[in-house]
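So, here come the structures, one by one.
In the two complexes below, chain A is the common chain; its partner is chain B in one and chain C in the other.
Take a look at the complex of A and B:
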């Protein structure tokens, strides 16, 4: 991975230069997404104004939760923007380009696009974390370190989940609805207090739709250090990452390329 | 040892079959039917290091599939292939450092960025030293006459300009073999000639081997010494281009227009009239039997020429002639 870092940095730089070609569009999308997230959070402010706690979770927990989820989601889909359209790349034969170059296909494909609106999510996440730290009056260097680790884990699990779902395209063909539903499910469930779920639902949030690894678990870890949670976060990320890489490469053997006229943007 | 060696290479695709209309869609939903498509049917060939080898055939013949297998993009269904001693689909990344590829329908330059930005990105992808990369870009920019184009966003380049930048990009890492899949697709005559000349020059200067696929026989005639013709997934011809030219590119088609009316029984000795109109005619002749010069002379003598076009047979006609000759020889 270290060997690929200069290449990844060059790729992200190219994405940024490309986005700068359309500065107004970039800034509009970024600010628009920040406002979108802020409006959504207002709902929780109103909610917790009436009910101070939901099975142990309060508004401060929601600030931490939104901080981790938005930062992880924003960073993940900004740096690996093609994670949102991998299914189309596979179905339309657009992996040819990455396969003809001497870099890992999945990494190259994912990092070859940046999502402008994700920069808004990322900024919003940082602001939300800053607000949570100030509001809780417990900010420290260690908390910042925990936040960094939690956000990285959220990126790893989110991108792995998106890769896993979209790798099904190798077997079942293009399935935009499945991708969209899976994406909506993981984002929606990651933004709810985990204490609302128990039993089978909770199990699903740690396995089939691993929203807990993106939201509640890392958010709780940021708030307070817990060795068990650290192990869960690291273990979960490693498992999902390995699974995604394995399934993608199994599917790649079935890749059928294509002859559609393409443009690299 | 040949630079490229292919033995009994075969690739089949499974495609879904669906009858037309809603009924067909519903039937396919509950009982999907598949058909097997043989894109490449057990082909074998070799290519020497530094060779300019033409690989031609009509659309859907299996050219691109073969190239994609040789670059490691596709896994073959069966058979063997070795490129520079490596099995492409097993040693893809290793091989990619040694070969370059250009797919006419699949640009590698970033659309919104100037080509120079993609060149620097490729420098990182191929792990090139910064100073070496700069020198290499300067050399290629001069060879391909793209110095003035490098800082223009790719979306603003013409197709010919873009294609020259594409081929230059594929040569940045000094590949030993260049796989060009329809590089001249959509280019006008001038742009085609310019591109061909530059590829030939790079072959002479750096000894880079070129495997060129095209559905335009003109590309192969201008560039390659040896040609392989593939049709319907099978090799139907392999020999020197000069032999192909002598045997099959002898029939010339002529379309002539005059400023004055022609007589309805207009004819020329040794020339088959396909269509005679009031102000022009279409005809063909075999240059082995009737030399070109007297035909053009006779056309000029027949009246005031407005326009005259001499063209060679299409690839489909060449393939038809190859089959006809093979059948005649078998009989």
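Take a look at the complex of A and C:
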């Protein structure tokens, strides 16, 4: 991964330059997404104003949760924008271009596109974390380190999950509804307190729809250091990342070319 | 002379009636075509309805815990079952809406609006008829699946009156929502990128519309704000009518919907005329 970093940086730079060609559109989407998230958070402000806490979670926990989820989601879908449309790339035979170049196919395909609105999610996440840190009066350098680690883990699990689900396209063909439902499920579950869910549901949130690794678990870790949680976060990220790479490459053997090999300048 | 004038007036009235009938027929045909088109993809329809299961399950967990922690049987006059049925109707309305603003925006951006404008129908009414054809089926699917899930988790649904009165309010809610969608879509004539407006509108429905939480749970000052905005009458109005049906409430909901429809209907009409007048089509 480290040896591909210069290549990734070059791709991200190209994406940024491309986005800056339409900077009004970029800024509109970015600010729009920040407002969108802020309006959504108003629900939790109203909710906790009335009910104070739910199973031990309060408004401060929600600030931390939104901080980690929005930062992870924003960074992940900005840097690896094609993770949201991998299914159609596979189904329409558009992986040809990436297959014809001497670079890792999955990494290249994922990082070849950036979403402008994701920059808004990322910024909102940082602001939410800053608000949480100030509101809790517990900010420290170590907390910032935990936040960075937690956000990285959230990026890894989210992108891995999206790759895993969309790699099914190699076997079952294009399934936009499945992708859409899986995407909605992981985002929705990750933005609710995990204490709402009982044993079986919780197990699902750590395995089939790993929303707990994107939201509740890293958010709790940011608030307070816990070695067990650190191990779960690192272990979960490594497992989902390995699984995603393995399943994608197994599926790639079944890939049908779209005769779309071309040179881009 | 007077009988001649009467004949002329009668002929004019007859012509107008025939014209309205022919016009309505066109949009009825568009609506029917979209309905049949949607029916051709039952798996797609089912897939669209699965999301309501996820939301209802999360809401059930959230509100069961919340009601449990307060120890009260009802909050602001709503029991847990009432809240769940309210949320089911609110989600059914929201999830069934077709993203017309997205369609209109794409047509403005890629220029295909030019091909639709020279057709013998009104661009706005065409989209409304097509959208309604899609929305009605999606609504039926969401209602069936959502009701089954909520019935299993929270108990039986409200009586027949709730279903009937809510149905009337839902139709007007769609009309009002269509006005907002059309305004967002038409803004593409000016700004091209309309995603931000759409996201913010959706979130206004989520919070001030009462999609995530019944407005009755809001503090008094915020309830006043929400009830004086149109968003509540797209989601909260029909959903609250569903769990607490009465002719008085129906009258209040329809009055608010009519007022906002008049305001935003006029706005759509004026902005549409203005946008078409400034449209420049190059080539073809």
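Quick notes
One rule holds in what follows: the second predicted complex is superposed on the first by the 258 of 265 C-alpha atoms of A that agree within 3 Å, B and C clash if a C-alpha of one lies under 4 Å from a C-alpha of the other, contacts with A are read in each partner's own complex, and residues count from 1 in each chain.
Operating definition for what follows: a residue touches a chain if its C-beta (ideal position, glycine included) is under 8 Å from a C-beta of that chain, and two chains touch if they have at least 3 such contacts.
This is a predicted model, so every value here is computed, not measured.
By the document's definition of touching, neither partner reaches A:170: not chain B, not chain C.
Of the two partner chains, chain C is the only one that A:29 touches; chain B does not reach it.
By the touch criterion defined above, A:39 reaches chain C but does not reach chain B. In the superposition on chain A, contact of A:184 is made with chain C only, not with chain B.
Within the superposed three-chain model, A:117 lies in touch with chain C and out of touch with chain B [touch as defined at top].
In the overlay built on the shared chain, the residue A:102 is in contact with chain B alone; chain C does not reach it. By the touch criterion defined above, A:80 reaches neither chain B nor chain C.
Within the superposed three-chain model, A:51 lies in touch with chain C and out of touch with chain B [touch as defined at top]. Chain B contributes residues 13, 64-65, 68, 71-75, 92-94, 96-97, 101, 103, 105-113, 117-118, 120-121, 123-127, 153 to its touches with chain A in the complex.
Contact residues of chain C toward chain A in the complex are 43-44, 47-48, 50-51, 54-55, 58, 61-62, 65-66, 69-70, 191-193, 195-197, 199-200, 202-204, 206-207, 212-213, 217-219, 222.
Partner chain B is touched in their complex by these residues of chain A: 6-7, 9-11, 14, 17-18, 21-22, 95-97, 99-104, 253, 255-257, 259-265. Residues of chain A touching chain C in their complex: 24-25, 28-29, 31-33, 35-36, 39-40, 42-43, 46-47, 49-51, 53-55, 117, 177-178, 180-181, 184-185, 188-189, 192, 195-197, 201.
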